[in-house]
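Please go over the structures that come below.
First chain A sits with chain B, and in the next complex the same chain sits with chain C.
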Partner chain A sequence: MKQAVIMLIGVLLGLNSLSGQALSGEEIVKRVNDIMSPASSWAKSKMTITTTSGDKRTFVSESWSKNKGEKNLVRYLEPSRVKGQAVLMLNNADDIWMFFPRTQRVRKLATHAKRQKMQGSDFSYEDMGGGDAFIDDFASTRLEDDTAEGFECYQLELLRKPESDASYSRLRLWVVKENFVPVIIDYYAEKEPERPLKRLVASDIRLVDGIPTAMKMVMFNQEDNTQTEMEFLDVKYNLALDDSLFTERNLKK
Partner chain B sequence: MREKLLKKLAAWHAVYPWRMLAMVLVLTLVSAYSAGHLSVTMRWSDLLPTEDPRTIEFNRIIDEFVSATSLVVVVQGEEKRIKAFADDLAPRISAAYDSRHDIPLFRRVDYKQEVEFLKDHGLLLLKEEDLKDLKAMFMDANLVGLLTNLNDSMEQEYVGKQESISTREKEDQAVMFLDGVENLVTSLQAEVQGDDLSEEDIRTVADKLLWGEPYYLSYDKTTLILNAIPNFTMMDLELVVLGTDAVQEIVDELMLEYPGVTAGLTGFIAIGRDEMYYSEQSLGYTTVIALVAILVLLIASFRMWVAPLLALTNLLVGILWAVGVVAVLVGQLNIMTQMMAVILLGLGIDFSIHLISGFSEWRAAGDSIVEALEKAFLKNGKGVITGAFTTACAFFTLVISSSRGMKEMGLVTGTGLLAILLATFLFLPCLLVLRERRLERKIAKRPSPAAPVSRDISFRFLGNTAAWLGRHYAFTFFTAGLLTVVFVWLGIGITFDHNYLNIEPKGITSVVLQDVILDKFDLSMDYALVLTDDVEQSREIARQYREIGSVAMVEDIAMYLPSPEQQQKRTPHLRAIRDELSSQSLRSQVSPEEVSLVRAEIERLEMNVIEMQDMAFLGGQDKVDSKCQDIVGDPEAADPENLIRSLYRTLGEREHSLLAGFSRFQRAFAPYYRDSVLRMCETQAVRPEDLPLSILDRYSNQNRDQFLVMVFPAGGIWQDAEFLKRFVNDLERVSDRATGMPSVFRALIEVIGKDGRSAVLLTLVIVFFLLWLDFRRPGYALMAMLPLCVGVLWMLGLMKISGMQLTVMNVMGLPMIVGIGIDDGVHIVHRYLEEGKGQLRAIFASTGKAIFLTSLTTMLAFGSLIFSIWRGFGQLGGALFLGVGACFFATVIFLSGIIGFLDRKSAKSPPNEGQS
Partner chain C sequence: MRTLSSFLTFLLMAGICLLSTPLNAQDKVEIFGYFEPQVLGTRLQGNFYQTFTNKLRLDLRSVLSDHITFAANVNFITYHGKTEWDVLEFLSEKIVSSVPPEMLDFYVLRFEHEIFLDNAWVKLSFKPLDITLGKQQISMGTGYVWNPTDVFNHKDVLDPTYEQPGHNALRVDVPLMGSTTLTALYSPESTWAESTKLVELKSRIGRFDLFVTAIETLWRVHDYTHFDPDGMNFVEHPEKRQLLGGSTAGEFLGLGVWAEYAYNWMEKSDDFYELAAGADYTFVSQTYVMVEYYRNTLGKTDASDYDLNDWMRFFSAEQKAIARDQVYIFGQHPVTDLLSLGLQTIYSISDSSAALVPTLFYSLSDNVEVFAYLSFNLGKEGTAYARKLGDGGLIRLRAYF
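The block that comes next holds the complex of A and B.
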């Protein structure tokens, strides 16, 4: 009996491993993309940055996204100095507007702002934008499986497609086999192909509305030797969000 | 052979003490003459291997670039007063004279930007993208047009593009721009209020908009810097001192005329002078502390004062000989070898103690002078010679080190020790003989000589303790083993302090002012330096560094010499500005219709600054946020002081005077602004010979064939060891010629660490073979070495307990303690072999006392360094203090246990066993 149980477990593990083996890089990335870019979402999050004087500053914001992150709206709640300030990102952050409550004006940011740091953090607008960037901008290859952050992971390498204008030349992902959440993403730039520019480490994975969600993310900027922590305080998925939410006019509300 | 020599020497001393004394005097005079030529260097780069490229480049820069080693005057106070102070101070420093060479001490004092150069070429130096965004602001000199264009540029450059304020250089540019805006607003306010601004004041408004603040002023405008460029190099120590003292005197005098203004000196020259001064002072008084402490200890221990005085006299003569020899061998003492006198004081006194003890013992036993001296030479002298040679050899093994610091330390202390050993056998015996002869004469004159009082000055307590430990050897081994495990565990946790500022003297002005500059200017004076062979190479290397995240800012000559392509790209923009501006007519009056336009633009300006402030806060750009706060106030304050709002209100309150005020401003401002911009539109290529001397000297050598790139770190290199490593790696990745304090210190940590490890191992091996040779049995050599090995482990544990960290200074203590700590074990094992079995109590009561005294004197000498202002000396002194103490206790505990065990074993063995 004991032997039979062991054999059954062996067969099941083998099957699991075989199904894992069968997945190609493209297929894994597609699953990752589905998780990372839900149709719509709302989140309340906390982000801590380091100022140029070395002080820590924490912001709390609310954000909405639609069309798999193609449209994004971030509205700041805390501290009081930034309350009401808002950022609207459309077309996967190709178009960015900012609203300043003190002057009641909306200003459009320059087109290349996408690649720049978002509000002094180590995340760029591009990192925050969703869409199908992993699929559209990169060709993926599956590497040897690995363990990362205590999880059994698929390891993938994503190389920028020649026609893409993504700012990273290469990405390396460690994707948890169990839930397809990327627990580590290394971002490489063209100027230094061997040393990652940044590393994103995700943790505290919870199932929210049926979607596995990393509630905590830390972006390590290897170049500047800085790091930014982002924590989701609350998340909801698949909400019915009106397009009018993502308009310049709505920014001022 | 050795015995024969010693016997002859003893006899010679007993017969011809005066002749020996004369010879010593000659040797001392020669040594004193030689010692006079010994110089001192306080450069950290002089501790690295001479062939190390970082050392070579660093020394070359210091030698060839006059601006690399300037004297910096830091002036603090209210803005207007410090500017006036600087204007007064600069010509006085320039007038300071070196009468020896008949030239001024300083070739120039830089404290303002090269405004004339900027007036000619300012716009050509702007990057193309900045020109694109900012050119609108240069295209209209009339007030309405200027304000409109200013707002357009702001919205284009700063509000619409967050990137514009996201790097250090751009943040600085934004602050400079806002400074110009602030000046414009306050001047308009003054004009509208009817304050009659002078033409000069209004021109300053234009200047600040075009090229910013001319003085080297801090962000908060409370601190100003003057750079005095010397006519001498750091090599000329006499002039370093003379120049610094002369400027200090001038500054002190001027401060009396400017109450409320404070000023102090820093920079390479001032720090060099202070380091030299304070290290000499520190070593001076720590030597006195050590001497007095040792003297008191010896008087208390020997219960007489003459012998300790003789021992110290001998030691001082020995040290003088040592310094004389060292002057010939190395010629220059470095930061580490400067401590040689104090180290030799602690080690060299031991020789005299052993010899005097023996001589006094034999004399008290009734021997004649010659007999007593001979016995002292043979019984005690042999041990002294073995000990001295073992320690000296241990020090000499440091010569294999690649770092000059450690290599010279080994050479200097090893040679010094042998010089003192020589003095102990040449000078001390004459003193002893002469003293005894005098005593004999005195006693002979007495009618009834008193019987000599026999005093037992042995340490019975130490003897009894050792006997108890020996009897309970199992307990001794267990306890000592446990203690060792605890200390090893603690020692493993000891960390390395990478902050070189923690080695520097504490609290001295020149060092403190470095922190002031870092705080007020957000600029570390410990930037990296890279030599390049031409301007193009300099441009390329600077470009590569600018792309690195660990770099905050890069300066090089190419900033002032745009490349032909850069000039080609920028020229059309300059032409556009010139054409637009030339075609414009300047109006002498502001029309009533324009007043409302001015008002609208001022309101827009306020919004732009507010938005810039909000973006800066969100982006964590504190300097921009703070500057905006100066203009539009603190948004969190109940009633923020908003300069633009205040101007706006005034415009409403003084309708009647607006026209006149604006027109007055326009008449003075517009022509000057237009002429200045037209002059700045010069498209003629800038050639190296067009550059002002201050720029040339800063970035090129005197032959103008080497160019310097200065790379400023983006973080605290001394506070964050990981960042220091990263910054240095980044520097070296781009250029293998990178040098400067970050590279030099990082290399020093690596080299000294590596040297330290190899030196400890090699020293242990050499000591083992020397002892094997001396004891003829490897087992006894190991027995003598065991307390040393354990002592080193205990030392690390004790350092951890006392809150010490390893530093580049005290890490050198590890190989040194191998040489120093071995003596205790050697003396006890020697005595054990002489006395034979069953004499444990006697061994420790007598020889134990000697090693206790010698350990204590050594500890006192090293311990005195803790009082040094130079914290690095204290760190080494503290580590050695603990190390010597640990070795002594390890000797008492372990050797008592081992001897006790051997005694017990031999007692149990059948009598014939030992003979087999």
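The block that comes next holds the complex of A and C.
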């Protein structure tokens, strides 16, 4: 019996390996996209910016997403300077509204605003993703498999499609074979095609509500020599979130 | 002494309110705010003047239940240094010479220490509507610097995002189908006729937010060439103003775009309209640029036509512009994670004058930020941005708690 179980595991591992070999770049990116855009989610996150001089700035926010990231709401909790500020993104962040509590003003932003730094961090709103950006904006090619951060990984190259207005001309991803979590993403800009502008490293991968989740991500900005750490303090998936949560009315609450 | 007494009364009332609140609600009272020291320097006709202000804003907020929120803030502001400004020092010889000698002392603006309840409102939220009652922020329109549909506020062109004062009002927001919302607002004065009534319908078409706004208000405009000894103020000429306007914001060809228009029917004086339209863009380098055009037909097309009333109504925020057509251009780049540098340019098309305003924003710590600007007026004497208005600058530190 024990031998049979071991044989079965062996066969399954072999099949997994075979199916892994058969996966194309596009298929892997689709699996990555599925992991990164769950049906709905809530998270409390801490973002710590470390500047060139070693200064730190810390932000705590709460965020909700629905329809695989098609609707997103982020509300800042700390520090006092930004408390109550909120960002609503609908239609895969094609429509963005920001709310400033001290002036009670809601400002509609165009999609180019996604290029702006999020609270001065090394993450832009675009980097925070949501939706199907990897699929819609880039064409994927599978490169030779590699090892990264101690994981066996698929290695992918994503080239910006001609019709896309994404900020990055090229991305390189190392995706863990076991769970399709990208542990490293290199972001390249047009002006310097061979040296990554930024590198995102994910770690502390845990299974949350059945979804593999990198609880910690660090974005290294190679150009400015700064880094920003994003840590999930708590995260939940597949929640029943009402559509009224993702409205301008709720943004002001 | 009266100010101190008001302060003590406020503290007493606040204490009573907090202590008398049931324990579960008291637990939810948040106290926050900021302290803001600021220095404003002005070089005027060879002299350098400085005004220091210290502002403490204390905010209270309490979610009393799922449906009821209370918020308030009180502001304490002290002024030091040069706290009296003679407006005539900034104006052209032609205008100053038109002022009767016995009235020369009337054009002095004085800044005195103040304590005031800026906002205090309660919001009742139910599924079919939200009701906000009390002194509250009212933000109208999509314009960045100029808002033709906003009869409540007057933004500072050099500092357009600074918070505006609260206004006493009853506001009802009714969500209708889809993303459509109907807003009705009543800002009471002594009588119904003097009060401001507003109705606004907001909706979304494609990538654009659309607003249609109708307002009736009493415009309290003054004649700054005649003094009313009984009222100890300049003579007031109030008149009914009815406004119909609209605004929109969205995206076109990758640019953020917005426009705002308002036509004003006046009871006695000539009707006028205001128009603002702008666009912005963020480059891949994260450099941000914005341009906004503004037309106000109350403004004049020739600097030689500006008179004392134009200037005084502009300085006292009764009129949003002195020149008819203006353009505001702003560029900003994040030099580091903590430092952003920018440049504002305000150009008056009507009289070919301009002001250049380099800006700096620095995050000193999680809760402390510094904002500074220099301003250089480059226009000929008598124009909207004349050199005679002086060059200057401002450094503002804000510590949040």
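Note that the second predicted complex is superposed on the first by the 230 of 253 C-alpha atoms of A that agree within 3 Å, B and C clash if a C-alpha of one lies under 4 Å from a C-alpha of the other, contacts with A are read in each partner's own complex, and residues count from 1 in each chain.
Going forward, a contact is a pair of C-beta atoms (placed from the backbone, for glycine too) under 8 Å apart; a residue touches a chain by one contact, two chains touch by 3 or more.
Predicted model, so just to flag it, every value in this text is computed and none were measured.
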*Fit or clash between chain C and chain B when superposed on chain A*: clash
*Examine A:D165 and indicate which partner it touches, taking first as chain B and second as chain C; both and neither are also allowed.*
second
*Taking the superposition as given, does A:E248 touch the first partner, chain B, the second, chain C, both, or neither?*
second
*Can A:D122 be said to touch chain B (first), chain C (second), both, or neither?*
second
*Does the superposition put A:E190 against chain B (first), chain C (second), both, or neither?*
second
*Considering only touches as defined above, state whether A:R57 meets chain B (first), chain C (second), both or neither.*
both
*Could you tell me if A:I49 is touching chain B, chain C, both of them or neither one (first, second, both, neither)?*
both
*Have a look at where A:E223 lands relative to chain B and chain C in the superposition and call it first, second, both or neither.*
first
*What is the contact status of A:S80 with respect to chain B (first) and chain C (second): first, second, both, or neither?*
both
_Touching partner for A:M98 - first (chain B), second (chain C), both, neither_ = first
*Which of the stretches 633-641, 687-695, 741-749 or 903-911 of chain B runs into chain C once the two complexes are superposed on chain A?*
633-641
_From the superposed pair, tell me which chain A residues show up as contacts to chain B and also as contacts to chain C._
49, 51-52, 55, 57, 80-81, 102-103, 105, 107-110, 112-113, 116-117, 120, 224
*Going by the contact rule at the top, pick out the chain C residues touching chain A in the complex.*
32, 34, 69, 125, 130, 136-139, 142, 161, 163-164, 173, 175, 179, 181, 207, 209, 249-251, 254-258, 280-284, 286, 288, 334, 336-338, 363, 365-367, 369, 400-401
_Residues of chain A that touch chain C when the two form their complex_ = 49, 51-52, 55, 57-58, 79-81, 83, 94-95, 102-113, 115-117, 120-122, 124, 165, 167, 189-190, 224, 226, 247-249, 253
*Can you list the residues on chain A that touch chain B in the complex?*
49-55, 57, 59, 76, 80-82, 85, 98, 100, 102-103, 105, 107-110, 112-113, 116-117, 119-120, 191, 221-225
*Would you mind writing out the residues of chain B in touch with chain A in their complex?*
155, 159-163, 166, 168, 171, 522, 547-550, 607, 610-611, 614-615, 617-623, 635-636, 714-716, 720, 722-723, 726
